[in-house]
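Labels A, B, C and D are assigned to the chains in the order they are written; within every chain, residues are numbered from 1.
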Amino acid sequence: MLSFLSDYTEGAHPKLLEHLAARNLVSLPGYGLDEDTDEAKRKICAACGRDDLQIQFLTGGTQTNLIAIAALLKSYEGVVSADTGHVNSHEAGAIEYSGHKVLSLPHTEGKLLAETLKTYMDAFLGDENNEHMVRPGMVYISQPTEFGTLYSLAELTALSETCHAYGLPLYIDGARLGYGLMSPACDMSLRDIVELSDLFYIGGTKVGALCGEALIFTKRNMPAHFLAVVKQQGALLAKMRVVSQQFDALFTDGLYWNIGREAVALAMELKAAFVEKGYALYMDSPTNQQFFVLTREQIDRLREQVAFGIWEWLDPDRAAVRFVTSWATTREAVDALKALL
Amino acid sequence: MLSFLSDYTEGAHPKLLEHLAARNLVSLPGYGLDEDTDEAKRKICAACGRDDLQIQFLTGGTQTNLIAIAALLKSYEGVVSADTGHVNSHEAGAIEYSGHKVLSLPHTEGKLLAETLKTYMDAFLGDENNEHMVRPGMVYISQPTEFGTLYSLAELTALSETCHAYGLPLYIDGARLGYGLMSPACDMSLRDIVELSDLFYIGGTKVGALCGEALIFTKRNMPAHFLAVVKQQGALLAKMRVVSQQFDALFTDGLYWNIGREAVALAMELKAAFVEKGYALYMDSPTNQQFFVLTREQIDRLREQVAFGIWEWLDPDRAAVRFVTSWATTREAVDALKALL
Amino acid sequence: MLSFLSDYTEGAHPKLLEHLAARNLVSLPGYGLDEDTDEAKRKICAACGRDDLQIQFLTGGTQTNLIAIAALLKSYEGVVSADTGHVNSHEAGAIEYSGHKVLSLPHTEGKLLAETLKTYMDAFLGDENNEHMVRPGMVYISQPTEFGTLYSLAELTALSETCHAYGLPLYIDGARLGYGLMSPACDMSLRDIVELSDLFYIGGTKVGALCGEALIFTKRNMPAHFLAVVKQQGALLAKMRVVSQQFDALFTDGLYWNIGREAVALAMELKAAFVEKGYALYMDSPTNQQFFVLTREQIDRLREQVAFGIWEWLDPDRAAVRFVTSWATTREAVDALKALL
Amino acid sequence: MLSFLSDYTEGAHPKLLEHLAARNLVSLPGYGLDEDTDEAKRKICAACGRDDLQIQFLTGGTQTNLIAIAALLKSYEGVVSADTGHVNSHEAGAIEYSGHKVLSLPHTEGKLLAETLKTYMDAFLGDENNEHMVRPGMVYISQPTEFGTLYSLAELTALSETCHAYGLPLYIDGARLGYGLMSPACDMSLRDIVELSDLFYIGGTKVGALCGEALIFTKRNMPAHFLAVVKQQGALLAKMRVVSQQFDALFTDGLYWNIGREAVALAMELKAAFVEKGYALYMDSPTNQQFFVLTREQIDRLREQVAFGIWEWLDPDRAAVRFVTSWATTREAVDALKALL
């Protein structure tokens, strides 16, 4: 059975397992106060071109989103997101469980545009009754988006400026950041992400790690006693090494970027093959997630030999489907899929 | 200055003050365990044609909504509401603060229609990933709605049946229930509300009381230890009498219904006068809230002599505005307003 | 049946009802943005000898405590309280429901002493693992305490200084403040309360009002958008007048203080009578709550003619019991009780 | 530098890393819906002598505690714990953050005894005002305790019976369960834990895993939609394999028990050596955590060559200290430490 189900169906890139094994018997203090965690942070800082970033390693994406958002918002504030944002749709209400409304705005190909935000903020600020409404307290986006699309540097710059004009911190969910920044269609670098955001995370789980995300505060804006916040959320690993050692390996010799580049190249091949065979794109994604429109008959036939996800039924006979590549996707698998189309 | 700003700009209907004064020196135990509270409950039960209702008096509408919703939902569930629902728009995130998402669906003249709910539920239940989504756990509507419109008996019956087909309790916000049920356009009675809902509240604050709402569980479905829930939310009055004695008076000799009938009659006069003068209706409301479209110049001119609310700016020059009548609105005030149009 | 059950068994002091009635038909905007609320605030400010206090009217004591505490604490902080504190024992977990631990310390006659706090803080700050513990973020006390006892000016000054030495705001629950400050045993004034606390509340419900408490920030330290916080908690009254007009009356011609003085005088008589008859004091209270030790037989006999509360069973045959006076307690009732002892 | 700081200072037992590597490239669906997770659950069930257990793998101890407790309690309930319980003291308020009070009772050598619980419950149920108090909703204990001590089978049976007599589920924190059950002083088996508790967890992080705990519902009592609950808390791993594969290895060929047995044997040697040298025991622990009383001078001297934890300063010159063994502790290290005493 071929699998293009997701980018989290295999374990870790072998180099990560090797590094975990190599450091396994070194005695390290717990909770992230150890030299290996420091080393991983240094390597991430170097990749970001900054030496003053504040970094907290966490386990998964939803956990990272909820901790980042809950830590920044005041009780009466909500987080602005495109309606397609992961925090709005697929986190089982984690943000609301922490007490905050997701203020969802219409998306544009999965993105939240600066002008959409501006229109919303002007209406909010002009409303006589806005003390009875949820106050927007920060903005959430994902790069690449849940549809695999990318903000251009111009779009992200405009959004960042708009956020800051209204006093809103900008938070970027980088669950698949490696696949985004390494797309040939991407015109920005990690340093742009650092400069334009107030906090963001570099996703590990979907880019080669067994688990782990690196939450990064870019403006010395990590809240006081953040360790206690993380602990309180049940998110502080006793053996932080399991995440930090994997990040150390990911940011050694450019592994993180190589994983992204190769998976996106295979995704582009796969997209070209679908298009050539006459399948319609549901969304034109330049990253490792590809969305097509298939009929029920096509879905049933393909699913006999390939695992992939159904994103949404468009009508009783047609669905948007998702094919995903990752560090673990082989050329052989892509070729085999192409032969099945 | 004339005021049509809202239905909570004056104190209490005089009969309520009289009853508070008459009972003032009677010694009663606290927290609702008193004979006056029992008496008020009996009168409400009689009006509802049922003797097995479970009733909790609370202070205000947002408080009632959040307690009702938080008490019924499990942690991973959300409340379905029209996007124009009070819980979604004007409660400063009270529902989310209690941990739950408001699952907003498109409204139809302020109403949530059965078919809108059905389409949503079928999509939710058919989604492969719905364990990662907020599970709908109950439905919230208001009668009359935030736009003053009314569900017909057929609409409410259809919605109730759809809710129950999916296992969702139906909760009705009756902040202005008296103004709704007494509208000439209303084809249902309080008994229909009782039968079709799982819980609802009869609003006091906006229908003649200084404060107070009566939250009513219609199916012996009040959660265990509900008093502790109310206490925990900071909503348990030591002197429950302040609310229950007012409700006693409201449900003596049909006062609650008389208040509703008279205020709606004045509102209908007011609407007719606006229409006659050529003003456009923003929403055709058969209850005590009336919505018109006015130009900025008209607004500025009228506001010199009349207080009323701006609902929403439709464009830079035109706004939807709201005029509200209540038990305290006099014929003289309506006539004076008409003369100003 | 005589009642010494509590100070919330009757309605409102007649002057409050009179003032509500006198202002009943005046049209006022909602939510506290009205002239009557402003007037009540001015009178409270005058009584406090300050013109820069920030005041929010709320409905009840638990509500006030939870809003005050939740508004000041960060998510990882807790509130320090004597273990006998109302927030620790009799609020059904309202503070914890808002996400915060009550850090309970041993009481001394219901009081939290400066040295108790100091010992605790030094241990906390000296603990290597304190990032894994709940961080103390503020201090809660009540004056008078839950046992009717009073902090002396020296005790309160020492506690306030200790709080501030550790950066902890001091919050004073004044549910019965009028009965405390008017005790002959009290050596402090309202102005001392204002100066030594960071926020406190003047209780109305137990000192003559139907409902209502005045939460007061003494250092221009009301959090931003506090109205939204109050709304979010379901605590913002549409008709704020119901509370503010009562406070206006309470702070007109010293009514609040007269109520306190007279009720305490009757309580002192009552205590003297019990003592004279040989009953043991459970706690020597100089305010309107009196605690005695009674046998089961004495309790059963007295309860035939008098309502009073059982505080705690000390052993199977003896209980601490509570007798409370208020503005509504008459000399006749006290004389009748004395005759029964 | 020798380290007896804790049982989470090294990585994973080598057999766990081997198993992770062996299964690394197998494609598995996410979120625990995979065959490897099923296999780990089967092995745990076999060890428990039951085939109907419901198991959820989680990442760490605090996370497991808060999810277990929040999932079982109603909003107005609290969890009863010894005051020394981890949930009461060292989880940064995670339980309270989820909305629930920890109802702490006096411990007996770190344990909560049945009679302590009984006394508390009888007082609670007999209190006239208990609707104003936090209702006890479940009981939390740890086996072994935070002091390394063990409940005997008789003590645990009595506690379990008392819990159930009052309708309280019993939850056992087994962060170090392997070190407890393998102590020569332990007179119970894993099957007793299963039978006497309503839910418990088998700790992985401190017993050989990089991360991971197995939360086990023993009575088909896993709440509905528990996956959504876990997701909502940010605790659902996309690659659940990282935990389940480690548990598979731990429960293959009795590895989990061997780790426990060997570490406890070394701890017993270490205790004997301290005692022989005349050091006082702070607590007489039969498991892998050992507590002694050392002077400041002894601490300073030893810390030059050995890492260990300071538990609590008893007076300015003496502290309770903790030495911990684990699967990673070598005989050489124990011998070296003994030579330093």
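In the analysis below, contacts are C-beta pairs under 8 Å (C-beta built on N, C-alpha and C of every residue); 3 or more make two chains touch, one makes a residue touch a chain.
Computed from a prediction, not measured in an experiment: that's the story for all the values here.
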| item | value |
| --- | --- |
| Interface residue overlap between copies subunit A and subunit B, same or different (over half shared) | same |
| Winner on C-beta contact pairs when C-D is weighed against A-C | C-D |
| Gap in Å, rounded to a whole number, between the CA centres of subunit C and subunit A | 50 |
| For subunit C paired with subunit D, centre-to-centre distance based on mean C-alpha positions, whole Å | 41 |
| Two or more partner chains touched - positions in subunit A | 75-76, 91-93, 97, 99, 131-132, 228-229, 231-232 |
| Subunit B-facing residues of subunit C, complex | 1, 3, 5-6, 8-12, 14, 17, 20-21, 23-30, 59-67, 91-94, 97, 205-206, 210-211, 228-229, 231-239, 241-242, 307, 328 |
| Of all residues in subunit A, those that touch subunit B in their complex | 75-76, 78, 89-93, 96-102, 123, 126-129, 131-134, 309-310, 312-313 |
| Touching residues (chain side subunit B, partner subunit D) in the complex | 70-71, 74-76, 99, 131-132, 135, 223-225, 227-229, 231-232 |
